[in-house]
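In the two assemblies presented below, subunit A is common to both, partnered first by subunit B and then by subunit C.
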Partner chain A sequence: MKAKAIIPVLLMMLFCTGCWSSREINTLAITICLGIDKTDEGYLITKQVLNPTALAMQKGSDEDPVVLFVQKGENLFSALRKIATESSRKMYNSHVRVVVLGENLAREGIKDILDFFMREHEFRTDFYYVIAKGTTANEVLGILTPLESVPGVKLYLSLENSERYWGITSAINSIFLVQSILADGINPVLPGIEIISKAGYSEMENSNDAKRLQYTGMGVFQEDKLIGWLSEDEAKGYHYIIGDVGNYVEQVYYNGKDQIVCEVRDSQSKMIASCKDDKPSVCVKIKTSLNIAAVEGVLDITKQENRKILKELLEKRIKLLCEKVQKKAQQELHSDIFGFGEAIHRREPKLWKKLKDSWDTEYVKLPVHYDITVEIKQAGQISKPMFLKEGED
Partner chain B sequence: MGILRRVFRRKNKKQIPRTDGFLYRDLLKNITNIKADFEQNDDLIVNSFKWSDNQDTICASLYIKTLVNTETINSLSEEISILKMKENKSRQALPLDVLRAHFSGVRTLKEGDRYIDLYADLLSGNTVFLLHGSSQYLSIPTESTEGRSVEEPSSQTVIRGPKEGFTENINQNIMLVRKRIKSNALSLESLSLGNLTRTDVGLMYIKNIAKDSMVREIQGRIKRIETDSILEGAYIEEWIKDDRYSIFPTFLSSEKPDSVAAALLEGKVAIFTDGTPYVLTAPALMVEFFHSSEDYYHHYIIATMMRILRFFAFFLTLLIPSFYIAIATFHQEILPTPLLISIAAQREGVPFPTFLEALIMENTFEILREAGIRMPRAIGPAISIVGALVLGQAAVDAGIISNVIVIIVSITAISSFAIPNYEMSNAVRTTRFAFMVLAGVTGLYGVFIGIIILTLHLCKLKSIGVPYLTPIAPWIKDGNVDTFFRFPFWAMKNRPFGLHGDDKRRIGGEYPVRKNKKGNQEFR
Partner chain C sequence: MSETKITSRQIISLTAGVTTGGSVLVIGALIASVAKQDAWIGSLLTILFGIPVIWIYLFLGRRFPRMNLVGMSRELLGKWFGTIVAGSFLFLLLQMSYHIPWYMGDFMTSRIIPETPHYVIKALYIAAMSIAILYGLEALARASEIFIMIASVLFVFVMVMVAPNAKIENLQPVLENGLIPVLKSSAILSCFLSFMTISMLMIYPAHLDDSKEGGKSFLKGYFLGGGITCISILMSVLALGWAITANSRFPVFRLANLINVGIVFSRIEIIVFVIWVLTQFILSTVFFYGFIIGFSQLLKLKDHKRIVLPLALILLTMSEVVFPDVAYQEHWIVYTWVPYIFTHGFVLPVFLLVVYWVKKRVLKMDIGDNQGQK
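Right after this comes the complex of A and B.
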C-alpha cells in the first residue's frame, strides 16, 4: 500500500525540475570562439561556429571548418540573439573556448561585458580572454589556422602552450579576471594576439593563408581599462615576479661571445612586504632552477668556477628582466599588475588601511628589492662542450 | 494468480487415475483395471505366466516397453525362469516371497498395494510383478538409463578447471556432485513434483554447513508447489521465488558440478531437477552472478581483476547507452570540446533523434543476438556477416546511423557478454531499455532516478529470505573476502557471506609453508 502511494509522488517529482529541454547536437550551432568589438552604436559580435559538415569529411573538403556570424547590437545579448535571424541552428555557447576582445573595446573598459558572461547560464567560466592587439576581434576570427582546423581551438591550445613554454602570455579565465579587477592592490593583464604575415609562409600557400595568428606580449589594465602593452621580455619578467613560470628558455652571454641557453625547470617567487617608518617596501624572492640546454662556445660548464659565473650571469639576467617590467609598470603605466598592494595588505594590514586610498600614487614610488637564487640542475646528456679541446680554456 | 491456480487444480482432478484404491486379490481384475487405465498406451506390456507347472498360481509381469532397458528385462526373465525351475522342485514357499527373497539381495525392490503407486513405478520404468491371490505387488527397477553422456557444458565454458557438465539425468548429476564431496554429511532429499510429470527433484545440502531453517524453508516451499508439470529447474524457481515480479534471478543455475559443490560448501542448497542439465542453488546473492568457477582456479589477484572487470562491464552495459543519449541530447556542455566536435561531426546529417537512433541500433543488436541463438549452426556466420556489414557499415555509410552509436552498441553488447551468468545478463539487458527511455525523456536526471529505483529494488530483493545484496548491504564483517575481491584460500577463514549453519570455519591450521630462521627452506 505504502509503495503504491510513493509511486505517484515519484512521478510528480519527475516533472518538477527545470532545465531539461532536449536538443539534438545537429540542431546546435556550436560556438567555439567569440569576438567582441566596440562600434559607435554598440557592439559588433563575431561568432565562430563549427561547420560539422566540413569536419565530418574524412578527406579535405572545400568548405571551411568554421562559419562566421557577424551581428551588431546595442548590447551583447541582443546582438547574440539577433544572429538567430541568419542562422538555421540554435546558438550554443557552452563550448566557447576563447573570447577575443578588440583593442578599442579593451581600452574603453570591459566591466560591462564581463557582467554578461558571468550572468548568462550558458557560458562556462573556463574560457580564456584575449585582446586583439592593434586590430579588431572580427579580423582575428576571420583567419584560418594550420594544424588545428578550428581556429578557436587553435587559439585556446596555443595560448596554453605559449604560457607554458615561452612565458609571454597568461591564460586568464572569467573568474580570475573578475577577481583581479575587483581586488584592491592588483590589476589584471590579458594576453594579446596579433595578425602577422611572414614572407616565409607565402612560398607554400596562397597569399590568404599566409596570415597567421601569434600571441605577442600582454595588455596591462588599470582596473578594467587597457592602458598599455608589455613586450615579450617584460612579460617574462612579469611571470618571474608573480612566480607563475613554465618551461621558459633563458640565455646569457659569457664574455660577450659564448652563448649559454638554459631551460627553466621551476621558478617560485615570494613577495615579502615590509614597513619602515610607515614607508612600505617589497622584497621579491625568486628561486629558479634551470637545466642547461645548449652551450654555444667553449665555456667548460663542468668546472665549478664556471658554473658559479654562469649562476651569477643568470641571476643578473632575471633581475634585469624583473626590474625592467617593474619600472615600466610603475613609471609608465602606473598599474600594479604584480599585486604588490595585495602583498602589503596581507603582511601589514594596518599600513594598508592608510595606503589603500592613495595606493595609485604610493605604488609609483614603491621601492622593490630582489633576492634571486638560481640553481643549475643538470647539464643535459653531455657534460663539456663537445668541441672543447683539452688544455684549452 | 488465484484464478490461474484454480484452473490448474481443476484440470489436475480430471487427470487423476480412475482406480485410486488398493489392489484386488484377483489378478485378472487388477489387470483389466490397469489396462483400462492405460487404455491408449500400446507400449504397456503385460505378460502372464504360470509360476509352476502344477500349481494354478498365475503371475503377471508388467512394464512399459519404451521405458525399460531390454537387456535388464532379458536378464530378469532368465533369473525368473531359473527360480521357477528351482520352485518346481521344492514347491513350498509362496512365489512372492521367493521373488522377494531373491531380488532384495541384489536389486532395489519396492512393494506396494495401491494402484497409484503401481502406476508411478510402472511409469518410471520399473517392472511390476502381480500375483493372483495377493493384493501386493513387487517392482524391480529396469529403467533405461540412455541419454547424453557427460559432456563439456555449453553455456559455462572454462579454460582452467573441470570440463564436466551436468546431463539430463538426475542420478548422474547427483553422482557428479557426490564424487566431489565424499562426506556422509552431504544429504539428499528426493521429491517428486508435478501431478502429471512426476519429475524427480533432489534437494542437496551439507548438514551443519547449510542453515537448518533455510533448508526447511526451501523444502516447505517446494512441497507446497501444486502444478501438473515441472520440466525444468526454472519452473521451480518461478514457483518459489521470494519476489515473484522481479526481473533479477534469485536462484543461481549452473551447469557445472564443481560450482554446485562449491555452493554446497558455502552453505547453499542445491535443487536438482530430472531432465535438465541445470542445477539451481539457493540462496543466491547478487555478487555471485558475477563470479565464475574459474575465479578459484586462477591466481587470486588475476581473479580479483577479472571480477572487478565484470562489475565494470555490468555498469557499462546497463548505463552506457542511456548516458550517451542523456549527454548527447541534454547535457552537451559536460563533454570536452574536442569530443563534442567529433560527435557533432559524426551526427551531421543523421535523420533520427539520438534516442531513436540508439533504440533502433540496440534493438537491431537484440534481434541479431536472438536470431543467432535460434539459427541452425550452419547459417550462424551468415547472420553475423549481415549484422556487421549490412547493418553496421552500410547504415553508417548511408548516413542513417552515426558511427558513435555503433560504437556505443558494440560496447554494450560486448559488456553484456562479460557477465558470466546468462540470466543476470538478460535482466541487465532488459533493464537497460528502461534506462534508455528515462534518459530520452529527462536526461541524466532520469538516469539517476532510475539508478536510485534500481538500487532500492535490489536492496528489497530477497533470495530465500536472504537479502540480495548480502554481504554488502547488510554488511557482513567476514563476508567480503569473496565478493569483489577473491581472497587467497588461506585468508578465507570462514565460510563467506555468513549464510552458514553451525560449521563456520573453513580452514583449520596455519599456512603450511614453515619458515626457519633464515627464511624459507631452500634446496639446491
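Right after this comes the complex of A and C.
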C-alpha cells in the first residue's frame, strides 16, 4: 500500500519543478525609463535599460550604466515588442520609474497612451509622467546624469525632490492623471523637463556632461492635450492653491531693500465653493506656517510689530503668486487645473449639473477669493539679525 | 443523515469565505459603475438587506435541523416536484464550482503569469478542491478557519497600508444621483454576497449539533464577509476614484498597486491575490461539496466520495469551455447570473417558506422537526 502511494507522489514531483512562467533575473532587461515621441508613422520609443555589468563594477567602467533602445512602431505595443529584434534579453517593464513624453506627443493628446499603460499587465501605476519641454523624449533620455549613474533614477528622485523643496513640479502617476482627465471639473498638469547646458559645467572631461536635465515649470493640459506652460512662480502658486506644498523657499522685501527669506514648513488649502443666484464662486483658504531662514538687512524680527508687518508681506506675496497663476489659467489657457469645477461639484451638485456642459466658458469668468493666513513659527538658531547694532532701526 | 459534525465557529469561517470569495476582487467594478461614488453606501445597504434573506435561510434550517436544502425541498414539495427543484438548485452549485476555477485561470493569466496555460492553473486548483472534499467536511471546515484568519489579517494589513492614498473628495458629493442607482447597485451586490450563502444550507444545519448557536454564527460569518467586501469597495472608491474602479477588471488588485509605505512596503499587491485565493477556495469547495452531497442524495449513493474524481474531471472540462471570452463573461454576470441566483437564492427559499406555512397553518400537517427549537 505504501509503495503504491509513493508512485503518484513521485509522478507529481515531475510536474512541480517550479513556476511555469519563471524568468530568471539574468535573462531580463529591466526597463527603468521610457520615452515616447510622436512620429509621422506612429510612435518612437526610447527605452532606458539597466546594464547590470556596468552597474556592478565598483569603479568606473568603459560601459555606460544604461543601454538605450530606440524603435519605431505604429502603436506603442508593437514598438515595444520590436525591441526584441535588437535585444538579447526580454524586456521587463514592472520597474519603470518615469515615462517621458515628447512635447509634440503631449500636444496631440495622451489618452491613447494611458489606455495602454492601464491595460498592459507589466506596467504598474506607480511611475511618474514628465514632458520633455521643447525637445523630444529621445533626447532627454540620451543624457547621462551626475550623482546617479542611472538617469532614470535621477529623473525619479529629482522629480520628488523638486516637488518637495522647490515646488515647481508635481509627481503625478497614472491614477491621478487618469482621474483628472476623466473628471469634468479638473484638468491635469504634468511637470516639464528641459535640457540645459551652462558654461559652468564645461570643465567636465566629457563634453556630453556639459548637458544637464532640469525640471522647469509645469505643462497645463486641456483634457488630454498639452496647451501651455506654467513658469516657476506660477507653478508655485498652483501648489499653494491645491494645497500640495513642500518645503518651499519664499522671500519678501521690506522697504524694498531688506530681504527676508523663509522656508515653508506646512501649507494647507481648502476650496470652498458657494453659490449665489446660480452664480458660482470659489473661496480658497490657505494656511501656511513658515520658518525664517535668513534676514538680509536690518529688520528686527524679534519685535512684535515687525513680525506683523512680515506676516502681511508674506500673505501678500502668496496671494500674488496665487492670483497670477489663476489669471493665467483662466484668461490665457482656459484650463481648470485647480479643480474649481470639482469643488463646485462636491459642494453644489445641483448647480454643477447645469454648469457641467458649459464649464469651459463658465470657468473663465469664475470669481475666486483668497483667504490667506500665515504663521511664523521659528527663527532659526539666532533671533535678531546678526549684525544689527543697538539703537539702529 | 450524516455523522460528520462541525463546530459553530467553523460555520463563521465557512460563511465568511462564501460571502467574500465571490465578490472581493472583482465586484467593486460593477458596483462602482452603477452607483458611482456612492458605491460604498450601496454595499452597506446590501449587508442590511441581506439580514432578512439570511433570516429566511435560518428559519428553514431551524425547522428542519437534520436536513439540507435537497431534503427540505423534497419534504415540502413532494417527491417529484421536490426532486426537480432540488436538481435545479444542484445545477447552480455545479455551475459555480466550475466558474470559480475559470476566474482563477483568467486572473492568473491576465495579471500574474501570462505565459502559463489556463489549463494547468485550473487543474491544480480543481485538484486541491477535490482533495479537500475527499478529506471530508471536517478538514475543509478546519482549513477554512485558518484561511479566514490569514485572509482577515492580510486584508486589514492591505487596507491600512493603502489608507494614505485615500482621498475623501472621491466620495463627494454624496448621493448626487439620488437613491435609485444606490439601491440598484445593492441589488446587484446582493447577488454576489447575500444570496451566495444559500449554498451554506447544504452544510447548515445538517452537520451541526446546535442549530440555534449555528444560526448566530451564520450571521456573524455573513457580517465578517460582508464587512470585508464593503471595506474593499469603500477603499477602492476612496483611493482610485469611482471611474478607475469601474473601469478596472480587478479593482482591489489595482488598489493594492498603490501601496508604497516607506520603501519596505511596496509591490505587495500579491497579498490581495492570496486573500482572494483563500476565500475563493472556501467558496468553490463549499459549492462543490454541496453539489456532491446533494447529488449522491438524489441518486441514493452510499458513499459520496466515489463521485468526486469523475466530477472533478467534468469541472476541469467545463471550466475550460464555460466562457469563451471575457466580454461574454461580463455580459453573463450581469444579464444571466443576477436573475439566476435571485431565483435560487431568494425565490426558492421564500417559496419553501410559504409552502411550509401553508402546510403547517392551513392544512395543519405535522411537518418539520422541532428538535432544534429547544
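By definition in this document, the second predicted complex is superposed on the first by the 371 of 393 C-alpha atoms of A that agree within 3 Å, B and C clash if a C-alpha of one lies under 4 Å from a C-alpha of the other, contacts with A are read in each partner's own complex, and residues count from 1 in each chain.
Definition applied: a contact is a pair of C-beta atoms (placed from the backbone, for glycine too) under 8 Å apart; a residue touches a chain by one contact, two chains touch by 3 or more.
Because the structure is a prediction, the values reported are computed rather than measured.
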{"item": "First, second, both or neither for A:R124, with subunit B first and subunit C second", "value": "both"}
{"item": "Which of subunit B and subunit C A:Q179 touches, first, second, both or neither", "value": "second"}
{"item": "Touched partner set for A:H345, first subunit B, second subunit C, both or neither", "value": "second"}
{"item": "Which superposed partner A:V150 touches (first subunit B, second subunit C, both, neither)", "value": "first"}
{"item": "Superposition-derived comparison: subunit B or subunit C, residues of subunit A touched", "value": "B"}
{"item": "First, second, both or neither for A:N255, with subunit B first and subunit C second", "value": "neither"}
{"item": "Subunit C-contacting residues of subunit A that also contact subunit B", "value": "20-21, 124"}
{"item": "Subunit A residues within the subunit C interface of the complex", "value": "19-21, 118, 121, 124-126, 175, 178-179, 182-183, 342, 345-347, 349"}
{"item": "For the subunit B and subunit A complex, residues of the former touching the latter", "value": "328-330, 332-333, 337-338, 340-350, 353-354, 440, 442-443, 445-446, 449, 453"}
{"item": "Partner subunit A, residues of subunit C touching it in the complex", "value": "110-111, 113-117, 120, 169, 172-173, 176, 239-241, 243-244, 247, 254, 257-258, 260, 266-267"}
{"item": "Interfacial residue positions of subunit A with respect to subunit B in the complex", "value": "10, 13-14, 17, 20-26, 28, 30, 32, 50, 52-53, 55-56, 92, 94-95, 97, 122, 124, 150, 153, 156"}
